[in-house]
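One chain, subunit A, links the two complexes that follow: it is found with subunit B in the first and with subunit C in the second.
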Partner chain A sequence: MNPQTQTRAKVEHNGPLAILRFEGDVTSASKDAVLGTYQKLPPETKEILLDFSKVQYLNSSGIALVIQLLMEANKSGQKVQTFGLTPHFQKVFTLLGLTKYTSLHPTESAAKAAFG
Partner chain B sequence: MMSKALTDREQAVTTELRLPSRLGYEKVAMSTAASVAGLMGFTDDRIEDLKTAVAEACINAIEHGNRLDASQTVLVVLSIAENTLEVKVVDRGRGAVKSSVRVPDIDRKMHGEEDLRGMGMFLIQSLVDEAEWVNDKRGGSYARLAIHLDREKEVSDEPSDPD
Partner chain C sequence: MLSTPVWFIPALLLLSTPAAGQAGAAARNEILVRPHIQDWRCRTGDDPRWAQSDFDDHDWAPCSSSSLAPLGISWARVHVRLPETPVPVNWSVGTLMPPASVLYANGKEIASWGRLGAKPQYVIPRYGVVSSPAFQHPGSGDVVFAIRMQHSALSRVVTGFVPDLDLELGSESLLQQRQEFHTLTQSADSMRHVVDALLALLLGAYVLRLWSAERSRWEYFWFVVVALFFNLRAAVHVIPIIVPMHVNLSSALETGFAPEVLLPPFFWTLFHRRVPKTVAIYTASIFTVRLLGLLWVPDVYVLPWIWLATIPCMVLPLVVIFQELRRGNREARVLALPMLFYGVIIIWVNLSVAADAAVISGGSAILRSFIRYPQWELGPVSLGGIEIGQTIFLITTAVVLADRARRTNVEQARLAGEFAAAQQLQKLLVPPPSMIVGQYQIESAYIPSEQVGGDFFQLIPNEDDGSLLMIVGDVSGKGLKAAMMVSLIVGAMQRIRREGGRPVSVLSSLNEVLSGRTEGGFVTCCCARFDADGTLTIANAGHLAPYRNGTEIATPPGLPLGVDADAQWTEMFVELEPGDRLLWISDGVIEARNGKRDLLGFERAQELAGRSTTEIVRAAQQFGQEDDITVVSITRQPVAVYVA
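And now, the complex of A and B:
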């Protein structure tokens, strides 16, 4: 039995926009789901939405993977918006400074609108 | 607030767990800590803070203290005394010291100048009222976290804005 719940990631594309919808736990075991999924996005992707609304558990190792995703997106000139985090994890992302590189939004529509 | 470990004379009520040194089992400690904090009357947001702090302390114990050695267990002791919930997370390794708590620098991380991980101790310290890391002279080490109900009361006692 693996006590670490698998992370599932679904991707939706719409022109330059990609939505990465994560489900389950985001932990050190989530490298393929988080970074692998990001790295398979088509090169025309310019805007990325991260959907955490179905994530049940997130720890600092999982957040490190999100930072790596933000780092790679930043290098590629892609913009990243985040939505679906619980108030607690919004607080954690803010404490760790991630909000400097991705804004946190309450809903998908608000996150999409933030791309302008 | 000054650090103050619970003592026998305070007649702490304790709950103990022994976790295998496998990542994922920290969720068992999280759930138990949440249940105990709920019984004590902590608010949901304080319970969420505690869950993350306990999970991070257990992950450190599993990964760094016991080095993922499945033959070693992580002991989690939850003690209630008066208005305090104390959680000790004990492993067999040489523990961290509080001076190694670093404030993560997101800019340095984003530029590859700082390890992407290493945020657990900072989170623990930020989310609970007391946090300390102790090396036991007899071997092993523990992280001690505590939250106080007084803080809940202080928040609820604040006068409401007349507007």
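And now, the complex of A and C:
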């Protein structure tokens, strides 16, 4: 069994844009870091950028948290762009059909540009 | 410096009472001159002439057994007339000197203890013998002994209320026996602490073993720390018998290593309560103040406040115990009376010590006359109420913890049995590892990462049209919760089996069942229909795409089940040739991780896709299994061609 690193989340606000930068492994223990951080965003947040560039591993429970975030954002009419995922998890996100709710980008600038 | 033999304390403790008796008997058979406290004359101040034998001290006040030793430097003198003896005696002096003092005989310094002056060192008194001191024998005249001593407020706590002017003369052999007697008595007195410490050591070791098996049980941890404090406090009592120890350090450590201070976190965690912040801050503060307070402010006036401030440490646990008692807690019923006794004793001791300290620091003696330290003398051993209370506390709480560990073991055994039953049941839900259905040969392997798992695999042959429906999937998470979800899915599949249908309708039906029941999780699922003519129809709800003859099939992406009640999936069609092999793996394969935290990944999975199910499972396990592993291969068997 590999040791898990605790998930940390930093939030940066820029007008209607909020950048959620995750760090560490995203697992079932990451509920506060993922959903908790999202749910604390101010209501005026319309665009959300998910930064996974410092995340090496997401297990199925961690992905479930990301899916919940995407679903809630979709219901709230917020746009979500994602960048920094490793090629492995880009493929996993694609197989899971999550690209219906968020586009996957290689860089932060590409992800920001996708908001238009 | 007085010479004192180093004793092997444990041996002394075992032999203390009879040996002490022998030493006392020997002492009675020889001449011992021991001036009474009333024979001493005391004076505050300092003058080197006061050491001289010819100094006239008739106007000095007699020392009183009820008087406090004065602060700063003071002197005490005594005139001792040595009796005429038939046999010449080579007189030696035995003495238990005050913490910082110098002993003179006829004006000559013969011994010292601690250090006097601007930077005094107060050392715990210990009986010592000055062999044949160089005082001039005045024949039938007196020997004048003078003690120059220095006291701080704190050193008076150690010497008590009476100035410690314990001096006696006799032959060296007799005084060696007296020294032995003193050491044994001191050791016997320490034995009460050692007995509690040994008990705490044994019970602490036992509970430490429990804690090492269940690290989440903080009540075990706190009991171990409490037991450790019992041992540290006992060590503070025993060490001065063996080596000189400073009064300030001894007092600070004895006050600091108070197990009672740790009772609030112990009892809070014992009853599975979160320790309130206020209680945690209070406990940490009182612990720090007790441990470091006397080192920072080494004066006696600090003591009453420290001891009074410690009383809530016992009151708070009692409150918790009686709250639990009102809730009908069985363990609280066991603990209530013993802890009430222990609590009352601790509060009593704290009040009595606070009262003593208040008197020493110049306060009124009224409170002290009402609250005496609860202690009884049994021969050379002083038995204090606190020792009885501590013993009761240690035994009662250890019994409660042991019973809790026993019940936990029983519960774990029961759960293990239920898990084993669930494991057996889950095995029944998984198709056999090798089977042939129609023209398809199926090989499968299912290795949960725990006793039960969240992967599933089902085959539903349709005898009417010769088709075969297969679903393979993975519930997010693992363990019993995921396994229960698998049971729900397999149950739903039985209904779908009767309905028949296409892969997309199977996924929709399952999604309907699972929507609102996944509690934030999801279920990936790939459903495939193998028709008799070799047509393969696949619908994929977020599961890893299958491999056809080692090459990944690009299935249309689709949301997993249980996420969106309105989710839709699309089907794709593949024409299978005889000999074609389809392979499904679960994420337990691609997300196996090695010691460097590298994932097995898609590329290695691709390389493994041509191997047998057993080889793929073995490769993933060797890489580092973290999740349930399922591998299913379905091969369309070559059609036999008959040649006429």
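Here, the second predicted complex is superposed on the first by the 112 of 116 C-alpha atoms of A that agree within 3 Å, B and C clash if a C-alpha of one lies under 4 Å from a C-alpha of the other, contacts with A are read in each partner's own complex, and residues count from 1 in each chain.
Throughout what follows, a residue touches a chain if its C-beta (ideal position, glycine included) is under 8 Å from a C-beta of that chain, and two chains touch if they have at least 3 such contacts.
What you see is a predicted model, and the numbers here were worked out from it, not measured in a lab.
Taken together in the superposed arrangement on subunit A, subunit B and subunit C clash. With both structures placed on the common chain, the touch criterion links A:71 to subunit B and to subunit C.
When the shared chain is aligned, no partner comes close enough to touch A:33: not subunit B, not subunit C.
Of the two partner chains placed by the overlay, only subunit C lies in contact with A:94; subunit B stays clear of it. When the two complexes are overlaid on their common chain A, residue A:63 makes contact with subunit B and with subunit C alike.
Look at A:20: by the touch rule set out above, it reaches neither subunit B nor subunit C.
Taken together, the two structures place residues 2, 28, 57, 59-61, 63-65, 67-68, 71, 88, 92, 95-98, 100 of subunit A in contact with subunit B in one case and with subunit C in the other. Taken in their complex, subunit B has these residues touching subunit A: 22-27, 45, 48-49, 52, 55-56, 59, 104-107, 109-110, 112, 116-117, 119-120, 122-123, 126.
Only residues 474, 476-477, 520-522, 524, 540-545, 557-560, 563-564, 587, 590-591, 593, 595, 597, 599, 601-602, 624, 626-627 of subunit C touch subunit A when the two sit together in their complex. By the touch criterion given at the top, residues 2-5, 27-29, 57, 59-61, 63-65, 67-68, 70-71, 74, 86-88, 92, 95-98, 100-101 of subunit A touch subunit B in their complex. Subunit A makes touch with subunit C in their complex at residues 1-2, 28, 56-57, 59-61, 63-65, 67-68, 71, 88, 91-92, 94-100.
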